[in-house]
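In the two assemblies presented below, subunit A is common to both, partnered first by subunit B and then by subunit C.
Coming up: the complex of A and B.
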């Protein structure tokens, strides 16, 4: 109860700040937009100084140390200012307040639009970032660019894969599904064989839902500057709801929220038998569910049409340089160091999933065995998924808000007789209303 | 509810009910109807059962916390929640909690102690001084102060959080310890409590006698009023300490730098770690950390509770 009130109030705070944001963006100093050439960046690195980085990603610690070793005059201060939307609220507030904003901030792809449209992050193309256009895989690069503008550099990506508990599947003699229809069949068979086992958990997760719609070919969001379209009535969305509605009607998904301790428990004891999730998941399984080591395997994501090879992204984040940064050249140098070249490879070695093509194609990466998955070379599946991500996906410029009301709207389908399609329509209505209130031109 | 109570009563009542019955037994032999007084209360079975249930309800989370602080991450996921896992990791968990992430937990503990010492301590000093002044001095505007204080008691702290944040942000104080300490200094409830307490506990005649004997106002306050105010002071101190120790929302919006987190925010940050891609789930450390977090506050409560009890009762009976 207390956290809910707290969240509401934080939300209110974010709105207040968002209103103030436009004013701040206009009133920023004249040096903006000039950017720094390679020489300025070199000079800044020579001169040294302090870079404050807001990020929660654990492998950054190692890379920050490497950076400090390479540039001894630069002091990197890593601050965990909260995870996901907590960090975005804090960032939005700091930008609005005009003080306390970091020099570099970790921003997930779905949230980047919000900061880009508020013009609160630097366009990195003026620092020469366009030369990396071909170094990153297509999905993440599309997510950080808008026309010629580059709002951030991709740090990691989350091409989706199918994680399943092989022990549970073998015990009940069930085949690993390759299509979503087979997935529903497997869900029925598993639950019938042992009522304690569910094919997966789902209590309504905006990120997972949009990712599966993405894979099914749905493109509910279209953005063009401040003109936005929200439409959950397209064919791809219908494909998704038709299948998921079956799972909900027959109560084949566990009513457990992802990331809760019950979820970790379910993954450990086999009562949650599969996950369709981003390629970053192995690190979480290895550290969080160590006792199930050897039980799990990875397979390509089930397909909506038999024989197809379409995937989608789930999660993944970038590093952006807020306009409010006090030392943008240094901030860009750090961002570049982390996301490309040696920094990116160092992060992969620490267990992060790369967004860089070179790392995704390196034999060392592809052939690395995962002891957790019984020695399986899982990266081959992830890398293929990264190549097959469906194109032209857009998030809303206010996706953080939209995701925050998912459970109040679409989430009803998970806890009441409301149909998922009606729930998504309610989500659409809420997103449209908010967008109009914020001054966007919104079509349905 | 009543039926379930009745059945529980019949099965579990003998043990607790027997205890008070023993001393009453010899008296019952001599006089048939001895009136029940507050010192010799009538044993009530339903009341005993209800109290017992409340006791279990209160102690169960604590027992859960103790049991689960002995498990590691695997044990937490694999074993039954209310009983021990196969192997015990209690000391290991405590060491890991204190050393994880370069010992940041110790830093959070020190921060919390700072906020409690400066915030709750300061709030108590201000409340005692203010309450005494309002109770014992006549000055214009006293009634207005009374209205403001009563009004302030009614405003929940969370409602003030956003305006407070914007104000502190303008002053450039967010993300510093001051942003937590300064708002904690204001305790309308403490002031009101001290005011009422001072009015009852410090006889005005005593102060007049001191003044006639030539004592200055400060001396009168420190040598005569302050000792009399002790029970009330401890009460206010205890309330402010618990409030500051548990404070979550104020530091949440004010502080972004983990180096200045209090324990509440720190533990929450560890919890959030389990919810991110690549983050390490450390539920074992969170549980052990929670246990360590409540130890000081339990100790303070036990040490100060006798003062606290006399403080709450003060003023209830006219002598």
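Coming up: the complex of A and C.
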């Protein structure tokens, strides 16, 4: 009797496990449909249906309504599944589970490689996306294509600029820095004038660090298919760490994480005096730091060599169509609508920073005054920055993971005597180990 | 002949009936046990089976899924990130659990002594933190610990002092220990107190007549009487320490460089799975951790329950 019970239990367990196995087996085989031509897309728009979009970009709301007005049979559902990493985690899990993935997903440029290499997003060239090759600005377009495949369409971009609290600088009689050496001087002067004031905040941010290394001429990542090089020992990286180490050693940066409550407070009360960040920042300042309206101004990013005019990208997103999407033609139609032509212009009017050349060069865009910046025509500075972005930058095909261990490794430089250069070396080692583990050829 | 044949013919039916009754009874038994077995299999055995199954494979960004046998286990057993996390929760266990159980025992004895004024208020007040969800408790304490906008920062500003930063790498484990102690003293106190309640009062009287003082009654009567409750609370606390996750996970946002993604084994499993997409390896680490926890908890139980 006992053995029979045991056998039955085992049997039941086997059935249950088998069910679990089948479930996973079903999950891994994602249907692989070829892209439709313009006719298929038109037919899909005629037929109508529902498009689920995972995005956090605020200007999409208005344009999604425009899209629904133009194609009344299509229902667009905008879902905020989290910002950045949180959304990618949810997206990866939905793709792995084989159900629940959206039809369109917002993916930042640095994260796109991870989805492209896993072949979890559609190649949009089969839908006719290659015709937009010349309508987007160079940086964002390079970020979404590799050779012939087009993994997504650029939605916005983030050429970097220097945002500073003019009130604070004027009060203490300090000049706006044009080089990073002057920046360090300004940091010392501000902190000396009022110990509560810090030039900026930093608790170790992978995105900001890589962007500044990018501007300094460092190219730590080289990605060529599945061959990857990680090297934080190049000259550009050394230029960056030499300067940033001074700020850390002298405790000139506020130990406040970006996007935290303390961060918004610091931006509002002047204790965080500057930000070197992407051109998408104005919308966030206007909504998140409304009380400091009029205090802030925009200037070009400080330079590593005096008189140079080099910039870098920080953030910026694209819209991708996951392979798991149930209605890819419709998904592509929506993506195309909001990233190109009138849809893109409408989003720029709402405050997005354009990735389309036409919008970037239009007088309406360039001459728009920003009441938040005291009427300054800030877009001229952003557009100038977009033209000066350093070329040939690559992210890792698994940058999302690499960024998640930045604080484990490089973060040590912020809370212990570890040097930033050693921290970046540890980050490099962790990235190399993971890359090898995942089947990439990683040679340093 | 007729008789014989009748009996010979009649004999089998009762036997068959008996067997079928036995079978019906067996099925009736399954009828009662079935719902439990089904749920048990589905929510308890199946996940473990699935985790074991997952741990034998490896899914890579390049190359897809392949069977790797016990390779993942070999990797986990030599993974410094795993062992560092385990050492950290081990240290946490050795310091925090005795402190917490000691306080809980003291409070339980005080309430049980009957000499406390307002004892039901005291009992509820000590128990109340347990009713606060761990996530909320961590957030509350995170605000208290903050050196810029938190209570620690306010004290620094008000008195012009510089208190050590509770969220610095050297103190953050102690700060987490403080949160966990605050949360669970009341819970353990309640276990001890209810065990004390069932000790017959006559034993105390007998001990008092024999000339035992209060302290002697505590050590010779009360503590031996609640021994099994002490063991149970210890085992729960050991398991809780090994599964430390909520508190470090919440505080990580405030102290990203002090609490690494492999701070505790559970946090490590979480980051492996959700940030690195290494589900197979995460399953392996989870199983190794489960086995280690089971061994330690079982050892404590064996030692604790031994008489004499």
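The rule is short, and it goes like this: the second predicted complex is superposed on the first by the 411 of 444 C-alpha atoms of A that agree within 3 Å, B and C clash if a C-alpha of one lies under 4 Å from a C-alpha of the other, contacts with A are read in each partner's own complex, and residues count from 1 in each chain.
Everything that follows uses one rule, which is that a contact is a pair of C-beta atoms (placed from the backbone, for glycine too) under 8 Å apart; a residue touches a chain by one contact, two chains touch by 3 or more.
Keep in mind that this is a model prediction, so the values were computed, not measured.
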item	value
Touching partner for A:408 - first (subunit B), second (subunit C), both, neither	second
Which superposed partner A:261 touches (first subunit B, second subunit C, both, neither)	both
Which of subunit B and subunit C A:440 touches, first, second, both or neither	second
Partner chain in contact with A:291 - subunit B first, subunit C second, else both or neither	first
First, second, both or neither for A:140, with subunit B first and subunit C second	neither
First, second, both or neither for A:158, with subunit B first and subunit C second	first
Residues on subunit A lying within both footprints (that of subunit B and that of subunit C)	9, 12-13, 16, 93, 261, 265
Subunit A-touching residues of subunit C, taken from the complex the two chains share	26, 37-38, 41-42, 45-46, 49-50, 53, 60-63, 65, 146, 148-149, 168-169, 253-254, 256-258, 260-262, 271, 274-279
In the complex with subunit C, residue positions of subunit A that touch it	1, 9, 12-13, 16-17, 19-21, 28, 85, 89, 92-93, 96, 114, 117-118, 203-204, 226, 255-257, 260-262, 265, 397-398, 400-401, 404-405, 407-408, 411-412, 414-416, 434, 437-440
Residues of subunit A touching subunit B in the complex	2, 5-6, 9-10, 12-13, 16, 54, 56-59, 79-84, 86, 90, 93-94, 97, 99-100, 156, 158, 259, 261, 264-265, 268-269, 278, 280-281, 283-284, 287-291, 315-317, 351-352
Interface residues, subunit B side, partner subunit A - complex	73-74, 76-78, 158, 161-162, 165-166, 169-170, 172, 174-175, 248-249, 252-253, 256-258, 269, 272-281, 283
